[in-house]
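To start, I am sharing the structure in question, which I have written as structure tokens.
As written, the chain order gives the labels A, B, C and D, with residue 1 at the start of each chain.
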Amino acid sequence: MSMNRREFIKITGLSTLFGLAGKGAFELLRPGVLDAAEHGHGHGAPAPEEPAEAAIRWGMTIDVEKCSEPGVVERCIKACHSVHNVPDFGDTKNQVKWLWEDDYEHTFAGNENEFMADHVKALPFLCLCNHCDEPPCVRVCPTKATFRRPDGIVAMDYHRCIGCRFCMAACPYGSRSFNWFDPRDALNQKEYNMEFPTRMRGVVEKCNFCVERLAKGQMPACVEAAPQALAFGNLADPDSNVRQILRKRSSMRRKLELGSKPSVFYLV
Amino acid sequence: MGVKVSLGVSLGAVLAIVAVALVGGGVASLQPVFGIIVPYAAFVIFLVGFVYRVVDWGRSPVPYRIPTTCGQQKSLPWIKHDKIENPSSTLGVIGRMILEVFAFRSLFRHTKAEMASGNIVYGASKWIWLGALVFHYSFLVIAVRHLRLFLEPVPFLINGLDLVDGMFQIGAPTLYLTDLLLIGALSYLLARRLIVPKMRYISLANDYFPLFLILGIGISGVLMRFFIRVDIVSVKELTMGLATLHPVMPEGIGAIFFVHVALVSTLFAYFPFSKLMHAGGVFLSPGRNLSNTSRAKMHVNPWEYPVKIHPYEEYENEFREKMKNAGIPVERE
Amino acid sequence: MYDAWKILVGLAIFLGLFTFAFWMNAGKAAPVPEVKIDTPEIKKMPEPERKCVEDKHFMRTTHMQLINHWRDQALRDGDREYVNKKGEKYVISLQNTCIKCHSNKKEFCDKCHDYAGVSPYCWDCHIVPPEEPKEEPKGNEL
Amino acid sequence: MAKNPKYYESLNIDYKPPRGNWMDRPIDIKSGIYCYPARPQVLKSVGMNDRSDWGKYWVIEDEDWELPDDWKERFLAKMRDMLDKYRTFKIYMDICVRCGACADKCHYFLGSGDPMNMPVMRAELLRSIYRGEFTKTGKMLGRLVGARKLTKKALRQLWYYMFQCSECRRCSTFCPYGIDTAEITIMGREIMNELGMNIAWIQESVSKCIHTGNHLGLQPQAYKECVEAMLMDIEDNVGIIIEPTFNRKGAEILFVTPSGDVFADPGIFTLAGYLMLFEHLGLDYTWSTYASEGGDFGYFTANEMAKRMNGKIYAEAKRLGVKWILGGECGHMWRVLNQYMTTWHGPIDFLEEPVSPITGTKFENAKAHKMVHIMEFTADLIKNNKLKLDPSRNDHLKVTYHDSCNPSRGMGLFEEPRYVIKSVCNHFYEMPENTIREQTYCCGSGSGLNASENMELRLRGGFPRQNALRYVRDKYGVNMLACICAIDRAALPPAAQYWNPDVGVTGVTELVANALIMEGEGPRTHNIRGFEIATWEPEP
């Protein structure tokens, strides 16, 4: 555990303070230092801020028609929510959701295909965090609790979340939920997934593309639950499964006009 | 003996204490000296010295009732009396003292006067008030927080204070706000003495020394919490030993702990002999703790003695003829 | 002494405040907590393998910083492998590495934390393993 | 008289102190700043610690101040005695943290830039001796802890700066511990008084007062003449004939005012104001030639001397058999009356609790003391509609009010004079808030420093007040500065002449008398000063 500059800053909590006070101020005082410190750190991975050709960009394809098969959507949602200890408060107002079902009009509100086939309009759409390439939620987070990993996953550090909900306002897809109550009140203690933590009251949460499973070489829980409908892979690799699928099938992405570059593709 | 000497001596003294503690704390056989004997001795010096100083002040009476009046006196019933700034009752005095002790009321009045193109201009200047207030309150919270090492079980309120102080939950162990504030405020108070020419002129080594000392206490504490870790359970074993009067010296406590303790002990022992006695003095200062009622009630001076007042008889004897000529009545024709 | 009554009351308050801890502790012993490492998971291990990721002294003084560092390493950098001073590798996970062995929070974590007045917020999110009912302390054992 | 600094020179004040330790600086005793020393024979005449046993006259410029061989022992014995007698002294020596809150609050510092005039340094002069001679740490560590031994140099320095403090207490308002530098100065002066080291201006006044009853040394017939001199003016300008009484037994009220009011312009117009007001009310009162001084220059020498001088007032009240005492407009007179008088002489059971014979108001705040301030008295009259007033007679005046420092910070008399002024003047403007009420400035000449040889000090010390005055003069056209202190009325005119040449100085009671519609008065075309009201331009 050698102590480099970034760690020093982190341990004393100054990085957060600088985050709050504006990194710009620090830049003014010591131009380049911060960048150098951040770039100098790490395990070979470039810092998240760095725009560079990444080797990995995780993405997902959702075959909408296959999702309409009975039980698929429910199975996916249950798999996701139970593995991540997502609470169910039973009402939409306080709902916490990582993966959920919505209809065509809501999913593509504002840029519906003008004369979309009727049967498509009637299909259920699985919604989740789009793990955007240009995530607006990351830009607004004052504590950097939300950040974009080098592999394209938009991740959250719940320890840092202060519950300001700027990210919820910034996300165009409604992918984020706020814990108005202690989530453990709405979870069955006997059904806890002991390998994954819960959240606490006052923080925002969302889909994490199952980073903890990817680390163990597993597929995301939803993909595992419905392999016929969902596919997951590296969008940066032209030969990956998802790229091959996308080469063959026509797809849609949500709210492309916003320029956030979602990584979830709906196959229609 | 200029600023450099004062600064050098003060800083040198603090560094010397650090050095002695580092060396001594590193030697196992000396650890009981630095961990037990020195703290006990310093604490006793503090208590006895403090009480002695206050009692010594008490041995001198307050012969006259002369508080500074910073507001309207109590006079005619229709004139609004300033009960706090010019108290006429014990209650008013208590109010004034509470404001003074807990909010540094008088320091809050602080303005700065400067010359600008031939005129004196006055500016609000609350920084010294803020710096002093932040320093004192941070120090208080830090001191109270340390009770977790001297009480078992740790009272709910102390744990609560700990949580509030670490409420930003930055890092682990969590960063205390008061640690930042204390060191920030002390740095301000020190910088002010060094940078402002007037302050530099009036500052003595015994102004710099306590600043360096408390700064040293703060820095060694922060180092111990975040950088040069010590086993807190062993530390509490030691501190509980002190607090239960059954001192024990656990093994394996790092030297940084002894540095911290040595500096704190120095502060305790230094306190009664220094300007830090303002902590007791502020309560006893007759400039603020008296009511302005000497016209309504007689204040008795224990050593008052009669004096020779030029008697009227002598006066009349000397000027009788002149008085009679001027038509001024006299006692004896 | 003049105003003796007022001054003595003030001094009594002063002495009371500063010797508060002595009075509170009078006649009490404050035994140092002993942590238990007799969880089923640890018992399963053969004696020589019963060791934590780092040595005991390091863990006692610095575990919180290690965990904090782990958090950032795993969560922010996606690096879930910890190499200790001896070069041994461990998976970085509070839930799956630390608590797997130390499944007795009450007897292991809380003992010292309560003693030292430390209230870590780990358990706000991380799940405390259910402890076997017979290990629950029965009332006050004073 | 010392050469006064030119206006622009005075403005060239640098508040930045020199480098280095103050203890190393040579003492530069400047003429124009200090007052002449007291003469041994004057001290002797009042039985004070005279210098007759070593006898030499004392020349300020000399390095050697003709001190007795045992001067150190005398000084330190007196200091020990004072420390044992005054808790204030001990605490104020011990608890200063040198926070610097007082540094730029002193009018002498603001007017001179001399760093030793920062109140904290003035106190350090004595505090350093306290540390070096009375504390163990000071004896051991010496200069390191700001301690020094009592030397002739230290004594000279102490004397020089203790007589550059007018004991106005402005600094103590800002001190977080209420350390009252005025008290430290009082202690310092009293200790040095033990060596006969006082100043002529104070000591001559003390001597005269002990002898004749007033600082000016007016013998009874002269005092009476001075008062009566105003009667003709009043007759001319108001058309009223007044016949005041002196030393009259059986009067209800004894009136005591500083003798400055009977002698010098513009105080005499305040005196005329008293006469007219009391005549109008038909007050049963008397003047006294024996207790013909409210002020107390003894206060600037030693506690005992202050008490000796002040004692005449009660002695005279007792002799004449009055019911209570009314006090005129004066500064340190009222500080002494308020803070010391009852303790010195009390309990005062030969007088009655003061009740206004006109309104029946009981002055409960003076229950034990039995003495009422003229502003309290007049404010009560106006509030109860007992005075017919025509404030338009003061319409040619744009008035501002100088809170005289002693009644402000030694008493808290803020609203009464304002109420009175606003009732008798239509044009009243406050000076900036940092310069009034509890933050008011001294006139620059208080505590016996209104001699003429120290005019530079007085003008420099008067600068902050005059600077504030100039602000309202320029902004509102203020042309009259009202005050309730005789030293103000003596000291503000020369300072105003220097800094604000077109602003006059007046006592508040003069304004009252000018506005007062008296029964049987003639046509009021002229004010008390004898100027035609319509065309009058105030002269300083």
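Basically, a residue touches a chain if its C-beta (ideal position, glycine included) is under 8 Å from a C-beta of that chain, and two chains touch if they have at least 3 such contacts.
This is a predicted model, so every value here is computed, not measured.
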item: Contact-richer chain pair [B-C vs B-D]; value: B-D
item: Centrality ranking, top chain (CA atoms only); value: B
item: Chain A-chain D separation of Cα centroids, rounded to whole Å; value: 79
item: Inter-chain centre distance, chain B versus chain C - centres from mean C-alpha coordinates, in Å; value: 36
item: Distance from chain D to chain C - Cα centre to Cα centre, in angstrom; value: 69
item: Where chain B and chain D are represented by their mean Cα positions, the distance between them in whole Å; value: 33
item: Multi-chain contact sites of chain D, meaning residues that touch two or more partners; value: 87
item: Sequence positions of chain A contacting 2 or more other chains; value: 10-11, 159
item: Residues of chain C touching at least two other chains; value: 2, 65, 68, 121
item: Footprint of chain B on chain D - complex, ascending; value: 8, 11, 13, 15-24, 47, 83-92, 94-101, 103-105, 110, 115, 118, 120-121, 124, 136-137, 143-146, 169, 172-180, 183, 210-211, 213, 219-221, 224-225, 246-249, 289-290, 304, 307-308, 311-312, 315-316, 319, 337-344, 346-347, 361, 363-369, 371, 376, 379-380, 383, 408-416, 419, 432, 434, 438-439, 463-464, 467-468, 470-471
item: Chain B-touching residues of chain C, taken from the complex the two chains share; value: 1-4, 7, 10-11, 14-15, 18-22, 24-26, 28-30, 32-33, 57, 60-62, 64-65, 67-68, 112, 114-121
item: Residue ranges of chain A in contact with chain C within the complex; value: 1, 7, 10-11, 42-43, 45, 85, 147, 149-151, 155, 157-159, 189, 192, 194-200, 211, 215
item: Touch list for chain B against partner chain D, complex; value: 1-2, 6, 9, 53, 56-76, 78-80, 82, 85-86, 88, 100, 104, 106-107, 109-115, 118-120, 122, 128, 132, 192, 196-207, 273-275, 277-278, 281-282, 284-289, 292-301, 303-304, 307-312, 315, 319, 322-323, 325-330
item: Contact set on chain C toward chain A in their complex; value: 65-66, 68-69, 71-72, 75-80, 93-96, 121, 124-127, 129-130
